[in-house]
Each structure stands twice: as structure tokens, then as C-alpha cells.
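Note that the chains are named A, B, C, D, E and F in the order they appear, and that numbering of residues resets to 1 at the start of each chain.
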């Protein structure tokens, strides 16, 4: 399989916040947003893998700014790194009030997906070659995030998470 | 108000076709697609007008290719021309089966929106300046399409539709 | 196949406008209405064809009056004319605020559907025989509307649209 | 308030059975149907009362025939009798498979609604004058059904339910 | 088949009232609640039968207290009695406004379900053995409620409803 | 404010997997589950705080077992620890195929919520007193998980996360 680059899996989703997406403050509910993010990320993962994909995990997500009824939520997704049969997808989420011209970052997140064949068995995915400086930073960080997932999932002993230790000494931030 | 260009209102929407979006052949229903197109077009119109907008009309839409359950529908929208208090939005719609790598044009369409203030009264919108060759063709065609809308809506007598006659002698096509 | 009359495909749909159907002005969104109209029209087309039908196109639709949250939208549909493997359906849409007793025409529209067999191939449909004066006017107009659809879809040269020219000299209106 | 007749509240609803309306046998779920019936009945009650109405109760409903995915459910509703501040609505429900031309009665039901003013307080409703033979049978039966509701709700002692006793000696049936 | 007890089918459902669940007074619509109750009751019936079940009927339901937008509706369901191929399920419904700490009983209801095998044919269900005093009262009442259902459905002559007569002399109430 | 115990916020949600909740393998989509988990967790947080709450973050979630169309998903939630104006909620999720009698753990998760007053400002929440052995383990772990959230959110320097280091030497697991 030929290597792909992150641009090929770039996916944009725009959704209008309707009443049923909101809580009693007329703000987008966190769970509804996690649902849309999952769909945007799955489309991005499919583009990289050219396979059906299923959600394996979502990393820690913090909701920094509320998004209001009638606003537009913009979700951008792209694959950061491919492992044997899985990929990590980075998501950036903004809320826009278009009439007033405001646009604020709501949150970032990482979802991972496993590629499967028609009978649902995991199957290898194409490798990725990061191109831009940002892509390379995301590619490098993917290893540390993966070790954290494995430790939190009880599948790796912290002593073996050599890469993760970098997390504790800061990681260049991409917004 | 300063003129804007069509690029500023460019909007991309990606949606995954779920079971409730489909008919008994597992194909996306036309009405569900018209609904998504309305939302994508409204976001685009809002970006040009920086105002709340309401749908005024949709032009003739033909559905050329079916889109299947599990496929992704991609809708691209941009404003083609601004009139006094309204804008015309062009939509291009594709269906993609990502695992198999197919992507086909489903249809094009034009929706028009009226800009309104907080109390719901119509309000002037910024002018537009087409930049690319394609933008200019869409800009010119908008006048003919508007005359057709006015005639079909009983608001213009065909004798006055001088621009529309061009329609009957072919119009450069943008796909 | 025996000819049917338009009455046999007459279909009434009533829907209550719920919060998620509305924009920030608490008015029914155009796209949501186009979705319901598609379902009402498809049921009507099925009644004429006794076949599964798929949406082929929707003609120009103008939204004249807004319909509010809590109002009832009434959609009436009937087949106006049958072609080889397709039918044209006329829709009339009203918004009612029942407590205050108001009822206003929101819009009219024409949708076309293709009849298909179990494997999705197009299949001939029964002819239609208009009965009332109104049915005959709609039957005659259907030919002109079809020519306009074919020209707009790039499938007919305007020189061949002999019937359509009548459009430019007015067509009796049925509200 | 002038008396109205049942015809004035006659309401027809047609709905297409979509995947999310069905159970694992691809049959319409009872609860989804009860939801649509409530909306159809509420529209009918509003037409009689010219007031906002809220559901007070639903009588025993039996589901006799299943309705399949892709079928059309037709619900007809009309007010049978008006009490001080409430009305009883009769519903008849059919399932149709239009391509195959079958139409079967699924069930009948009675819903009751209370009319309320803008602040939510109950308010008197217009009387009703049954016209047809069927309307008169339904009008008479409404009293017995009401007594049964009151007994089941613990608001009437069976000894006082003089009308209800007729129930135990059969009641002319209207299908 | 071994007898089960009502505890084994006990099912709790909690739902948050969202905008689309409400009428113009921001109160939960009766039909939406009947839909949720059907799902909760079906899960309970499945637990008793270890079979797929389909809704056979719902008894008279009265809505006593309105439930507001943003409130939580709690539905508790358990099987009260098993017949040959069907079960009766008792439902208790409360509305809670959690921030203000209020919790009120909205209504009670009985749904009946038929157990079916993979091809949709009815199939015997396990017997039930009531344990608590409350369970025994519900078990005994199930026979009377069944006779009322059969009479209302035209399947039993009132003269044969020996158990039902108890209904008319009061039945111990379980709230 | 008096201390509460975790039992007081215990919340059970049961949902039936419908077609629109599933992917092309007829398995529950991860995003849909995250949405339901958010609602269950919010209800639990509200019970502890007696306040409206908004989602602040969700920790790493791994999906271990797929849940099929027609299965029932059971979500149990309870507050593990209260901070100044926020609470952590632990979720346990199972999928059940009731006819076949299987029940498997799908995943666990931690969501955090902030309590707000009527104008949306954060407000102090009651303290919690863990009672059972399990509650105490969850209470202790909450501090480490909070430090991890703060580090991942860029709000704490790893050197200050004294509690988190325990994570790297294992943490008693509660399933």
C-alpha cells in the first residue's frame, strides 16, 4: 500500500445548531457535539483507509466555549498517523455566529478508528507521510497519545511508555 | 457596504447517509437531500450577508445519480450574485462511496435567500464581485435565472424578460 | 393498463410544526418543508403507479408566507399527468394557525417521480384521464413544465420546445 | 359558542414508515404509532375548539395488524363529543402497501383533550351536533366511554355509571 | 419453562425532555411519552420472555401532571402477569425537575406484549410468581384488566367477564 | 451545604438500538453512544448538585465490544467526587441481547460537569462522602484523573501533578 498524506483525509463538516441540539441555556449539548465529531472523524478515517471503519476510542475532550442555538459548528478532521490496522484522527471544532461575525475555537480532540473488511475483521491500513511542519508535530505526538490510551485501557505498563514521558515535559501545541 | 467575493461564502457540508435518510432501495430520499441543501445554502448566504436569512425559493433540481446508505454526501455552496435584499446560492452535490473510491455528481441547484433584521424585515445585502471565470459565468446567469423565477412566480411578464431569452440559446455550463 | 384519474392519487398530509423544524425566528425552514412535500408527493405518485417511485426532480418552489412553530402545515398532492415511466405531481401547501383560525397558502410545487420495479429498473406507468376543468388545465400545463425541465437539464434544445412558448404568453393559473 | 359538527374537525394524516419507526421485524412499533395518533388527534381537537389543547387521556388501543417498513399509515381523526372543557376524538388507522394495493385496518382509538387558554387554564369548548348516523352512534357511546375513564381513573364510583352498563350489553360498532 | 418473578423484568428508563418533545407550552407531549413508555415496557417484557415481543395493546392512560422542557421523565416497568403467549407490563411514570428537587407522579399504565419466534409466530412465555404484596395485587388485577381488554376488543361477552365485576366494586390501588 | 453520597446520584438509562443509531454493520455508532452517555451523566450530576449542569469534559473512552441493532444499551452513572464548582461522573455501559440472554460490558467513562446558576455563572456544589469500598476507590482516583485532565488541557504543569504519578504505578480497577 502506498503512503498517503494527511491532506487526503481532510474533511470539513458544517452543522446548524437546531433546538433539539441544545440544553436549557440554548447552548449546544456536549454529547451532541461528540456525536457529530465521531461522524466527521469516521469520514476522514475512511478517506485514508478506503475501508469501512469503526470507532475504537476518543481521547480526553474539554469544552472551552459554548456554542449557541442558531450558530454554525464547523468541524475539521484529518488523519495524523496510521498504525497497523488503525488510524488516529485530529479534530478541530469552532462555533460561529455568522450574523455577528464571531468565530471561536470550541475544542480539539483525537478519535481513533479501526479499519475492517466486509465481514468485520480488522485489516491493515496504508501508512501516512506527514508533509507540513504541523503534520509532523501531530504525527510525533500520536505515539505518546497512543501510549496514554494503552495505559488508561490497561493494555500497557507505564514503565514501557517511554514516549509518553515526553508528555510530562510539554509538547508543542497546534491550534 | 463593501463588495465581497464568492470565495467568502464558500461552504462545505459532509453528511453520512443513515437508514432513516433512505427509501426502500436504501437510496437517499430526494426530500432529505433538499433539506440538507437548504441548510448548506443558508449557511453560505449568511456568510455573505452577515445577517439571518430565510429561504425564498429553490430552482428546478434534477436528481441524476442515486446515493446509497453508508455513502457520504458532499454539498458545496457559494453565493453567485447579490440583489437588493436577496442572494442566489449555487450548490454542487456529490455522492461518495469512500471504501470503493467512487465519487459521482448527484446534482446542482440554486437556492435564493432574503436577508432580514432582528424583527424579520428585509434588509440590504452587500454587493458581490465575481473573481474567477467560473464565478463570472455564474454571476451573469443569475440574472436570467432570476427572470425565470419571477415569470414562474407570476411577478414578471415574459415580454420584459430580455435576459432570459439567452437561456433559450444556450448558456455556458459549469459543472 | 387502464387509465386512472387524478382523484385516485389525491393525498393529504398534516404535520405539526415542532421546534426542530424551525429557524431562529420560529418559522418553518424551507428545507424541512421540501422534505415533507417530497414524502407527500411520493405517496401520491405511488397511488397512481402502484409501484415504488423515486424522486426525479422538483420544479421551482417559492415560499410566499412563513409558517410558525405550533402551526399545522397541510400538504395536498395529486398526479397531474403520466408520461412513459414517470408522473408529475402537483402540491398545494397551506399553513394554519388553528387556535386563531387563520389559513394561508404557503406555496405550490411540482415534483416528478420515476416508477421502478423491484430491481430498480424504470417501468411503464398507467395513463391518466383528467376529469375536472382544473385537472385539464394542470394536465395541459404539464407538457410545458416538462419541456422547461428538459431544457434546464440540458436534454432538449429550446427550438424544439414548441409547447413551452405558451409559457411566455401566460398560462391559466390554478390556486 | 355555536355548535359545530364532527366534519369540521375531520383530519387526515399520512406517514411513510421509515427504518427508525420499525422493530427488528421491520414492523411499525406500537409506540411510534401512538405518537402520530396523538398529533393527528390533537390537530382534530384544535379544529373543534379553536384553542390550544393538551392530551388528557388515551383509551384502550389494540394493535390488530402489523404495518411494514415502506408502507403508508393513514390516520383519520374527528371529534365525537364535546364536554365542558374537553373533547373526545375518534381515530381510525390503516396500513397500506401501495405498490401491492393492500390496505388493512390496524386499529381504532379514542383520545381526549382539554382546551386551555394562553396561560394554560382550562376553558369551555363549543358544543357538537352529530349529523350522520355514524356520528350519532359515536356521540352516544362517548358518554359510556367517559364513565369508564372516570372509573378507571378513580374519579367515579361504578354505581353512578348508569350509562356504562350499556357497555356490558353490547354497543353498535363503527368500523 | 421455570417461573420468573416480577423483579427480573424490572426496567428503569430516564429521559431528558428536549425541545422537540414539547408542545407550545413547553410541556412534554402525551404521544411522545406513550412512545417512550412502549420502549420501556417492551424491554421489560423481553426480559421476562427472553424473546422478541411486539406490542399487542395499551390500556387507558390518563395524564395527570404535565412534565416541562428540561425535566427528566423516569419510567419504571415490570411484568405483572404472564398468559399463554403474552405478558402484561405495569408502568409508573414520574416527572422530575432536578434543580428544584420536585418529583411528581405523571401516570400509570398497562401495556401488553405478545412473544414471537424468529419467523414472527407467537410462542409460549414463562409463568410468573408474584413475591411481594404489591406484586400479588397487580397479578390478581391483571385478570380483570384482561377481561376488560377482551370486552373492549369485542372478543368476550360481558356476561363471561366474571372477574371484571370486581372492578366495579373497587380494586386495591397501588401507586 | 450538606455532604451527599454517590448513591443519591445513581442513574440508570436503558435505550433500544434503532436503525438510525447504527453503522453499515448494524452496530451502534460510537458517537451516538457518547451522546446518550452525556445525557445520563448530566442527569446524575444534576441529582448531586440540584443545579443545571453543563458538560466540561469527557475522559478517554475505549469501545471494547460492539452493540447490535435491536439490543438494549444500559448506562449506569454516579458522581464519584465533587470539586468546587464541578463534579466527576463515572459511567458503566453494557450491551444486552435480551432474547439470547447475553450481556457484555461495552465500556467505562468519566464525564465532568460544571454547575451553573440561572444566569449561567458557575456556582459551588455540595461535597460528597463516599460510602462503599468501591466509592472510596473511585473518589481517590478522581484526583489523579483530574490532574491528567488539567495537564492535557494545558492548565497544570506535570511537575505539580503529584497524585497523577500513582497512575504510572497502577490504580485499583473497578469494573
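Please note the rule applied: a contact is a pair of C-beta atoms (placed from the backbone, for glycine too) under 8 Å apart; a residue touches a chain by one contact, two chains touch by 3 or more.
Since we're looking at a predicted model, the values are computed, not measured.
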Output for shared partners of chain A and chain B reads C, F
Moving step by step through touching chains, the smallest count that connects chain B to chain C is 1
Those chains that touch chain F and also touch chain E are A, D
Outermost chain relative to chain D, judged by CA means, is A
When contact pairs are matched by residue number, over half of those of A-B recur among B-C, A-C or E-F in E-F
Most remote chain w.r.t. Chain B, using mean C-alpha positions, is E
Dist(centroid_CA(chain A), centroid_CA(chain D)) in Å evaluates to 50
So, in whole Å, the Cα centroid of chain B is separated from that of chain D by 43
Residues in chain E with touches to at least two other chains are numbered 19-20, 23-24, 39, 42, 52, 70
So the touching chain pairs work out to A-B, A-C, A-E, A-F, B-C, B-D, B-F, C-D, C-E, D-E, D-F, E-F
Interface with chain E, chain C side, in the complex: residues 18-20, 69-70
Listed in rising order, the residues of chain C that touch chain B in the complex are 23-25, 27, 29-32, 34-39, 42, 52, 54-63, 66, 111, 116, 120, 148-149, 151-154, 158-159, 161, 167-170, 173
Chain B contacts chain A in the complex at 11-16, 39-40, 42-43, 46-47, 50-52, 70, 72, 98-101
Given the complex, residues on chain B that touch chain D span 19-20, 22-24
